[in-house]
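Next, two complexes with subunit A in common: one pairs it with subunit B, the other with subunit C.
Presenting the complex of A and B:
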């Protein structure tokens, strides 16, 4: 290439503007103003030499190209460190109530010991249902009758949902209390599932709902219809009820229609009370596919529980470090090889407590799993949480729970609009502090940016190659160029033949699809599948080195591994950044599981390195199949509740890792 | 069949000479099966031999109006806009037809409903639409209600479903019976004290004497359901009749500490009936006796009949007790008391599409033919081709039962859609109607201040052919449309600044940039 280059650059906008105005008339004051602004801007500019500016720009681009690997690694490391820093209290801020209409804990509650007595009587009845071993249909009829005795229209709903592991059958009971003087266009749900999230029976939760129904009927201050739902099983009953309430008909699932209906549901409280008394109320908030309720609901509940109910609030069932079992729990959260003086340090304790909360949240959210029956509501734009009465020997019972639920409902009753302020993106670290979106989102975006830089770098590498310049310029050209040192190397453009790379991408996604179909069908035990398919994948990847020999290195066409890696990294980066605003935990999981392996994929000249790399990618791609319990659960979630996690892993994660494996398996 | 209504007379004036104006008041108390009590107040003023104004005379001076009992404020509105018949109801609550039966006054849809029959005027300023607008504004001024927002977005003309309840005078010009119906509903309008106070002012005996004394705002507005109604009609043989109604459903089980359904006038309304209204020609309290078999007592002794002129001098406090009941036990299975049971829901949680589902059950042993009227603001657009009608639980196709369908599509941002059809309901049959709908995307100025609440959709109305006065309103619906987050000015500012920067910046650049060729010396080492 010659030492001079011609560039078409865009030049100052003001020049044209001035021409336009001066041509018409220069006497108008506006022109004087434009002139002055133009002069001011020109003063701000470094220099008028455009060629210099272009040179500077090129230099920066060259520097980015030169230090690309450092930049990539830096971004990746910063992102990962940021993720580790999330539990630090410096990044977090205190919770507050955003919606002024809520006014939590500002009402006198009327729930008294008479209502507690009624709840106790209901508990006797409900316990006898369990003792008599009644079928779910008989149970539901009992609940519906109890609601009707309180004067609330009630009904039952049968459902059967087919899954790969048989059909889920059950019957829900529900009742709708039409609030006085309202048109019945808005509603609030109080629900309890028959099974607790601990796996036991939610007898006291069910009794609380029955007793609350009788209690609420006696007051006229409700501005929204109150729907009481006692759902069968843990999740499937509530799923059937909600889908019958909201969706017209689902041909796959035989869900009975609801014979009474109310309006749009705004809020839902799910009560889970498995023990005989409780010490704390825990909040479970994660919904399907990583959806979260508006944070105002959680914050209001915390205020109410502490001030009206007198019950301290926990996240999940994690005790705080200041409380008795909490310290021990957090100690065991850290690895045992850490010396005690580190594990016992106050700051480390605090870090551990917050990290534990974040980690639990990450696991629920990344898997898209609902942490309780409340999680099924979010997809219908209903803010819902589960109040989990943490089992203990005391001191609280129906009295505190009833008052808290009553007051929380009164707070939600105040709403004239849905909770809508942008308060849906948060990570709660302790009951009273949380991470704002601005303080956690950059971590994952940095990893995605690192991947994107890597991908674009590979793309440039595929299109341009530096070769030794064997061409001697002619005498005439030398004179014309008049450069003292003619270059020994030069950049030449290469063809980027995308077809091969594209075929590999499509094939890997098809492989992911077939894995998905296989595990959905549950024909095979997935652990055995893992032991078969991982070595197969490894061998295949290694064999690529010998079978997929690219045509002799031509200077005109880009090699396949480079192209494939470019596509792979750009796609992964896009996926991670898009996911980060939908489901942050999933994006973080992908950032770790894709960001690191994809960054280090590269063809290698040495066979042992290649074989090792292929083994790593094969294990990464299919090793998870060995966790057969998790796989079964993910498939159940997908088939019954429509959680994306299983298809996402099979159709996106596996192909991406496979592509990286192919990149490493191919000969350079 | 036993006599199920008892009369308590407050006053009775047997008028020998028919006066020009006549005022009657009546209170019907009806214990309901679920322990509640429906009270229906009716205050009726008859302007004998008066004739509504002809719209062709609207430009000219009207005859002077002198009333003694008829409210002048309302009389002026009627004359000013030449309205022979109109009905205004403002209700709060959801009337439970299955448990409460049909109401004494059929207009029980949630929110405000106004419909008027008007003759066609000749001049532009006296056109139907101009007078309809003027009528709303006058009535909203009179009753302190936001009826003025019943604009073209809410107004329809379902003439078959809302037939005139009186007669319509023959018009002088241009056509002799060019009468048109205007009908509008505001489902979110609530009724409160500010509506009741001007309402009571229209009565000859407001809140001091007669039955109106029972209209104590604290009690009325604590009721489970309450509604005000103003009904004006003209009968050729009688004259202009104004009926003001108040309907209330009170829950004595809720208000009593022992959870009993016993009631007295004092426990229901906070006071007993003090004295009669002297100008009322009749003032009657009727008690409908409960249909169930439980034993009750009623005191004082009701009147059987009264002759001549009679007026009560002492307080009247009607007491009804169920002495054998310890506490009221809610009946578990209540057979529906209305002719039809209707359930209407809007399914689908997406902000773009949904499905309107209507389930109608005929509770009578005979076939019922009924009008089905659906008025939809343009925000919700029907896909009529997806209309399916199925019978029973097994979903047999019954499209033949829906006939005579007339559909006026909506015009976006302008007029609502109106669907009127005839349903033939076989005895004890349930019909499922479903219809896919599209939810509109609004202009940002069209959102109400409480945008995140959603949009109220007016109730559908079923009008049986054989009993048009027993029309049935379904509950109102709420639809969520795609709504920007208005609550955060910060977001709005950022959003608009970004848009302006992107659009303005790039456009400005493209317009005025000059492209030149520049030589760059690349120094190569």
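Presenting the complex of A and C:
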């Protein structure tokens, strides 16, 4: 054994006092027993290899330290590549129905041409409402009267929601058909908003709901109350109706109360039919703040639509590559400089189709935006989707839509309990395949792990520094063991004073908060904001280098940039991994927009490099202010619907990037 | 110092009157079935209307709390908020006093920091805002240790008796408190020595504790009008009748259990809580305050119906032992684990109870992370407390555990 191997003080937590006890008279008998057990354990494990174990442990630690950068960049790259690999068909599984009670497409439907004729007559009336340019209150009264004519209790609801850019006024109409078979503790909703998600009018959707109300009244097999809602505008009407339904006595709300009510709503179907005919039914599923409905609802609808209604199902309004407009759409999804033989390749087409679906989902979910009026239901624990009748010249109309909706309602009617938990985590890639949580979650977690390794590495770097031996003559310094290979170098411990770093962190978050308050105010033109704030922050970041200059590299205290970077990366990693179960797309967005910039922040000695880096970080932190349309929309979402995207960007994303900017702006 | 302390308390008082209370009151992480304020109100209501509150399964507070809240403090809005805030202030004051006794000084610069670490600890102030009676227990725990550190044996034992009466697992603190009363609260971590006193001196103290404990039990029986309260209050810790989720490790395990295994595992879990007392007291006989601190950590991690304030007390206690900081092996890992747990607990609870997209396994996973965080803090402090005695490493030498 070499000389170094003897440099070990053997110590056991059970050994400390034992010698003194054997000598002292006040011996406790337990100590003898403990000692015997200890000896027995020692016999089991030969103790001669302790030094070898320590050496091995040190070697591993040194290797981790040496290859840390490779490790974390590897994790970062793997995570990002995994995100790109999500559309590959190898990762996906086929959809199936998890809840046996649903029994989709197992019933005879009764919707026939008489009901279609009634829907046509309703369509004429509704069109004339539009032509006569009636106010929303008058329209709602008409709808309520039509419901009442069918013998269903109906009412209207007025609302006015104040926002930073004006007040939203409107009136909803709704009717509640009591279940003939039960006491009405549970309900399902069929709704149509006055405006379609395409921006046009949802006249045929409204007519379908009116005609369905009359139709359903004639049948006695409903075991859940059916609530018909015709909401005003696109999202705000349904928002007002739902919040009044679920918080009936809240005086702070600007929505009128509901005069009739039913039980707990379990599921909801929102019908959106903007064209005169349709070729496919598209499913829209994303809700506010990235919430999703239970996948069983979507799968049952797909089965029913294909087998009962005879209508093929699409995701959103994206045609599949096997259909005529689909190929062209996917071709144009790829950049034009790609040669045709690549763009036309079957596998590439398939990848492009899935990537397009995933990307649209990511955009909705990351922004926390509802893809249709159904998205407002999820926050009240209601599973809801929008059926979008993709406008076309044919062949389908009220007949196919009515049969599909009737059969879907019968399926929802079969439910004995709420749809199963944990079937909520999925990414649908085609109507018949999806990504399970296990195949998409690791991508973001890998990026978070990379950040965590980086942060912990910086933390170690802050606590220890390697110096040449001749510069360290003082014996008072905390001197640790030298590395075996370079006797002239030494590791010395440094103090880590977190206070300064924490002040920077707190200040940057306060800066984020103030920006949020500013852009939420109605007195400011957000379009010009970017041109003021970005240069200001850039100047501030550069000024950091001169104002916050730390004391000249002291051997005893860790430098501020290293500590700040450690905190920054650890916090960002925690945040990303925690978000990933709540809203995967948002976590993926954060993983890309924080993971990459934060990994490469570092102070630099040359001023031009520092200035360039600061400029990049300032643009990253505030460049989004230039997208004034998006900013306005995000603030509207926050103020009216309570979507967290705008505050999250201001309070989480901006401060983290600013901290990275400060790290790069400081002198090393 | 006093001014800043008053300022901190005033801030707490303002927070106590914020609308947060209504949101937090029934949160599973902040109040367990044994400490919930809503259940206390329910019990007081039943009691006032001549119904035995212990006949059902909702009320599990001690008869002492029952008599206190049905006579002295009305269960309306303002008095409890004030009472809970002042309890927290008393707790902070007691913690500062323990620090003063330990460092043997009248006042120091560190006092305010210690008070702040206690008053601003989210694990402490959130249960307090939720009016969970675990705040009462935390304060009593601190007062017990404060009196014991000052050598006021009768007060200390009486407080401990009341505390164990309210929450039976706290009786495990008896042994370290007795040792603390017989020795001193000063830090002897650096120079371990055998316990200076004869253990037979414990006997009169033990008798004193038993007398006060039995008296309290008799008084409770008088209040409740029968022995039925014991099964509902103390028995709950052993029989686990209420599986309402909480941040501890018991509830999920017993929701999954077949009934014929239940008695065995209940016994195993209860014994497991007790086995740490003697080893810790032997090993840290030179510093019984440190042993009490570690036991608080064990109680916070493994006790049957914990709330966040139990681990919170352990974490706030860390501020009393600065001599161990240089010897901690992985404080950052522990801190990050706690950060993850602190974010994951409410998130997964919300996913399960609120949005319904997750299930019980989600929340259980987050309680496991929380248990891991507490366990890693505990292990690190056991290591550091023992490691202090060896001192700094010399160059070329390594201290290792055999």
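A few points about this structure:
Please note the rule applied: the second predicted complex is superposed on the first by the 589 of 668 C-alpha atoms of A that agree within 3 Å, B and C clash if a C-alpha of one lies under 4 Å from a C-alpha of the other, contacts with A are read in each partner's own complex, and residues count from 1 in each chain.
We take it that a residue touches a chain if its C-beta (ideal position, glycine included) is under 8 Å from a C-beta of that chain, and two chains touch if they have at least 3 such contacts.
This is a predicted model, so every value here is computed, not measured.
Within the superposed three-chain model, A:65 lies out of touch with both subunit B and subunit C [touch as defined at top]. Of the two partner chains placed by the overlay, subunit B and subunit C both lie in contact with A:418.
When the two complexes are overlaid on their common chain A, residue A:246 makes contact with subunit B while staying clear of subunit C. In the superposition on chain A, A:582 contacts subunit C only, with no contact to subunit B.
Of the two partner chains, neither subunit B nor subunit C is touched by A:200. When the two structures are aligned on the shared chain, A:220 is found in touch with subunit B, with no touch to subunit C. Contact with subunit B, but none with subunit C, is seen for A:184 once the two complexes are overlaid on the shared chain.
Shared-chain residue A:521: touches no atom of subunit B or subunit C.
Judged by the touch definition given at the top, the superposed model places A:381 against both subunit B and subunit C. In the superposition on chain A, the residues of subunit A contacted by subunit B and by subunit C overlap at 4, 7-17, 20, 50, 54, 379, 381, 418, 421-422. Every residue of subunit A that touches subunit B in the complex is listed here, in rising order: 3-17, 20, 50-51, 54-55, 58, 145, 148-151, 178, 180-186, 217-220, 245-248, 259-261, 263-264, 379-381, 416-418, 420-422, 483, 485, 487.
Partner subunit A is touched in their complex by these residues of subunit C: 192-195, 198-199, 278, 282-283, 285-286, 332-333, 336, 339-340, 343-344, 347-348, 351-352, 354-359, 361-362, 382-383, 386, 389-390, 392-393, 395-402. Put simply, subunit A touches subunit C in their complex at residues 4, 7-17, 20-21, 24, 26, 28, 30-31, 34, 42, 47, 50, 53-54, 291-292, 378-379, 381, 418, 421-422, 424-425, 452, 456, 459, 478-482, 570-571, 574-575, 577-578, 581-582. Within the complex formed with subunit A, the subunit B residues making contact are 34-35, 92-94, 96, 110-111, 187-188, 221-226, 251, 253-254, 329-330, 332, 343, 345, 347-349, 355, 357, 434, 450-454, 456, 475-478, 480, 483, 485, 487-488, 491, 508-509, 512-525.
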